[in-house]
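Before we start, here is the structure in question, set down as structure tokens.
A, B and C label the chains in the order they appear, each numbered from 1.
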Amino acid sequence: MLIMIVLFTDYGQGSPYVAQIKAVLHQHLKRPVIIDLMHEAPVHQPMLSSYLLAAWSSSFESGSVFLAVVDPDVGDRKQRAAVVVADGKWFVGPDNGLLNMVASQARKVRWWDIHWRPKDLSNTFHGRDLYARLVCKLIAREPLPGAEEVPVTARLKPFWEAQLPQVLFIDRFGNAMTGLDFSRADQNQTLIIENSGQRLSYARTFSSVPPGKGFWYGNSSGKVEIAVNRGHAAEKLNLHLGDHVRFSQ
Amino acid sequence: MLIMIVLFTDYGQGSPYVAQIKAVLHQHLKRPVIIDLMHEAPVHQPMLSSYLLAAWSSSFESGSVFLAVVDPDVGDRKQRAAVVVADGKWFVGPDNGLLNMVASQARKVRWWDIHWRPKDLSNTFHGRDLYARLVCKLIAREPLPGAEEVPVTARLKPFWEAQLPQVLFIDRFGNAMTGLDFSRADQNQTLIIENSGQRLSYARTFSSVPPGKGFWYGNSSGKVEIAVNRGHAAEKLNLHLGDHVRFSQ
Amino acid sequence: MLIMIVLFTDYGQGSPYVAQIKAVLHQHLKRPVIIDLMHEAPVHQPMLSSYLLAAWSSSFESGSVFLAVVDPDVGDRKQRAAVVVADGKWFVGPDNGLLNMVASQARKVRWWDIHWRPKDLSNTFHGRDLYARLVCKLIAREPLPGAEEVPVTARLKPFWEAQLPQVLFIDRFGNAMTGLDFSRADQNQTLIIENSGQRLSYARTFSSVPPGKGFWYGNSSGKVEIAVNRGHAAEKLNLHLGDHVRFSQ
């Protein structure tokens, strides 16, 4: 199988910035396989994005290379760039927390600071000018310029818990994915939405409950997700990115 | 020419679900050619989507394989999966009406129920776990597991008429495509929008009428479409998905 | 390196029209490399789009082929089609001003009127039926049917100045790109937003100013751009496409 390059950014779907990154990949690699995983990551929110990246990257095979950019500190020269390999998957992006959850959840992980700065690095578009070129070097098995391996523990700051009781993502149907692992959830428990106090019971899937009824379930990425059968949960339950939830008896 | 895999869903443009389907295709096939036809199909509306799929799939060549998912009954274990070949084009998706118009409009059509359920089938993401893998098997010319050919007539339920006098799709320009065939329309007739009673005459194309004027015409997919020259027809004429229209003298 | 086909349209991100163009490219070419640069160009505004195309096409390598469509005169039989080569990059699209800035900014440029009209040309979808096929012929190095070379100066009408003091594009972050070249801007000058009279100073990049502060800078495509550190400039400064700006002491 060919190596997949997987893009995860907050640039916006259809952004010309994504196109410019793809142009760099095509200029340096022969027929790269590029998959747009997400370009609507929470704007300038590395923490929420870090959990999303960890959840969704689990669908991809070992050897895949992820270019991840969610960066509120645009152009900050003090910010470190990072290359991380976590259970055989490679991640390239800013060292601002975005790569922390893939690193902290992996069994085997290595982390490199990247001190290299290309001469023609722009002030604002490190995705194109730095990270995309690092991806090319990884795929071409060239040495990473200015790479210094560091202990992972030195970089997992801030340290975030594996379970994040917040809404990470709302899809087109209105389903709200949380940062809680379904494998650790107790199906007898009630999920409470903190803002509104609304309480939801577990159901196996949509068609297990009547139309219009809200419930929680284990989604296809292994996370606890809130939905309404044949309805738009985010509208009906007034859910937004970052909203807090908790389990209760 | 290489076989094209054409994706038609209501997952939302830029959805991570689309990315996960593409990952499956790339994992099982060597350099698949994948085209995103539509990911903003009418949410959970197999009927409107069925007419859209039939209209747009006509642009693709024989041999193309369509993965189509618009499914309000998410996770329903009683729902059948289907593989259909209609005039040489292949369609994989749920048996909920979505594939009915491509089947009923074809001269030659065969239909298979798919009883196979992969062991790791998730409760909610059959697009990735079932339909994408069936597409891989079709492309690789492997036998379809658990396939039972059935008479097409047994599956065209509900049976929908070839002509659907409703708005199927509104594009970025505000043009509103209907489910009526242009080849059956009489250019001397007036198209009436049921809700508002507004009446539109035929014109060959946009530049045939003055700026700001509404008209109906035959669009590039062979359907009757409503437009306003240099204007946004849906806003100006207050059109929405599913709105009813009819021809009159 | 393989030749890149770069798509630039106002069809809308995720439009089925884009898919149909890609189908044509795949039907006539073996494994074309296609990049979606922009499908949300200013609707029916060839002038603003022309500056965007010129700015963004600079990221692509010589030999790239651009299919560009922004066309308010849909279906006008009097409109000319054009093929332009500007400093080694090829552009195919309507002769309505859209290609003027790439032509006028190039050192070496040639321009062909295309009189060819395919027999099955639809009235409204020249992107699929005419321009995409011209792209295929360029890539396949086939002669362009009905091509007549004309003096470039005869086609640069309307003639637009190299510097356009207007907002061309607003990205997902709210940053507003103008049609002014950064290389010609004086960093000691203040940028004034005409509508509101708001005044902005230069800064090197986002992290050079406090959160919430507006500034202007040179963006990654060499243009003057307006931004707010960790804020949405378009909302905060009430900016819209086409808004006028000017430099002042």
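The criterion applied here is as follows: a residue touches a chain if its C-beta (ideal position, glycine included) is under 8 Å from a C-beta of that chain, and two chains touch if they have at least 3 such contacts.
Since this is a predicted model, take the numbers as computed values, not measurements.
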item	value
Same or different contact residues where chain C meets its copy chain B, judged by the half mark	different
Rotation angle (°) superposing Cα atoms of chain A on chain B, nearest 5	120
Mean-CA-position distance for chain C and chain B (Å)	31
Sequence positions of chain A contacting 2 or more other chains	13-14, 31, 40
Residue numbers on chain A that touch chain C, as the complex places them	10-17, 19-20, 22-23, 26-27, 30-31, 40, 43-44, 72-77, 122-125, 128-129
Chain B - residues contacting chain C, complex	1-2, 4, 6, 13-14, 31, 33, 35-40, 56, 59-61, 169, 171-173, 204-208, 217-220, 230
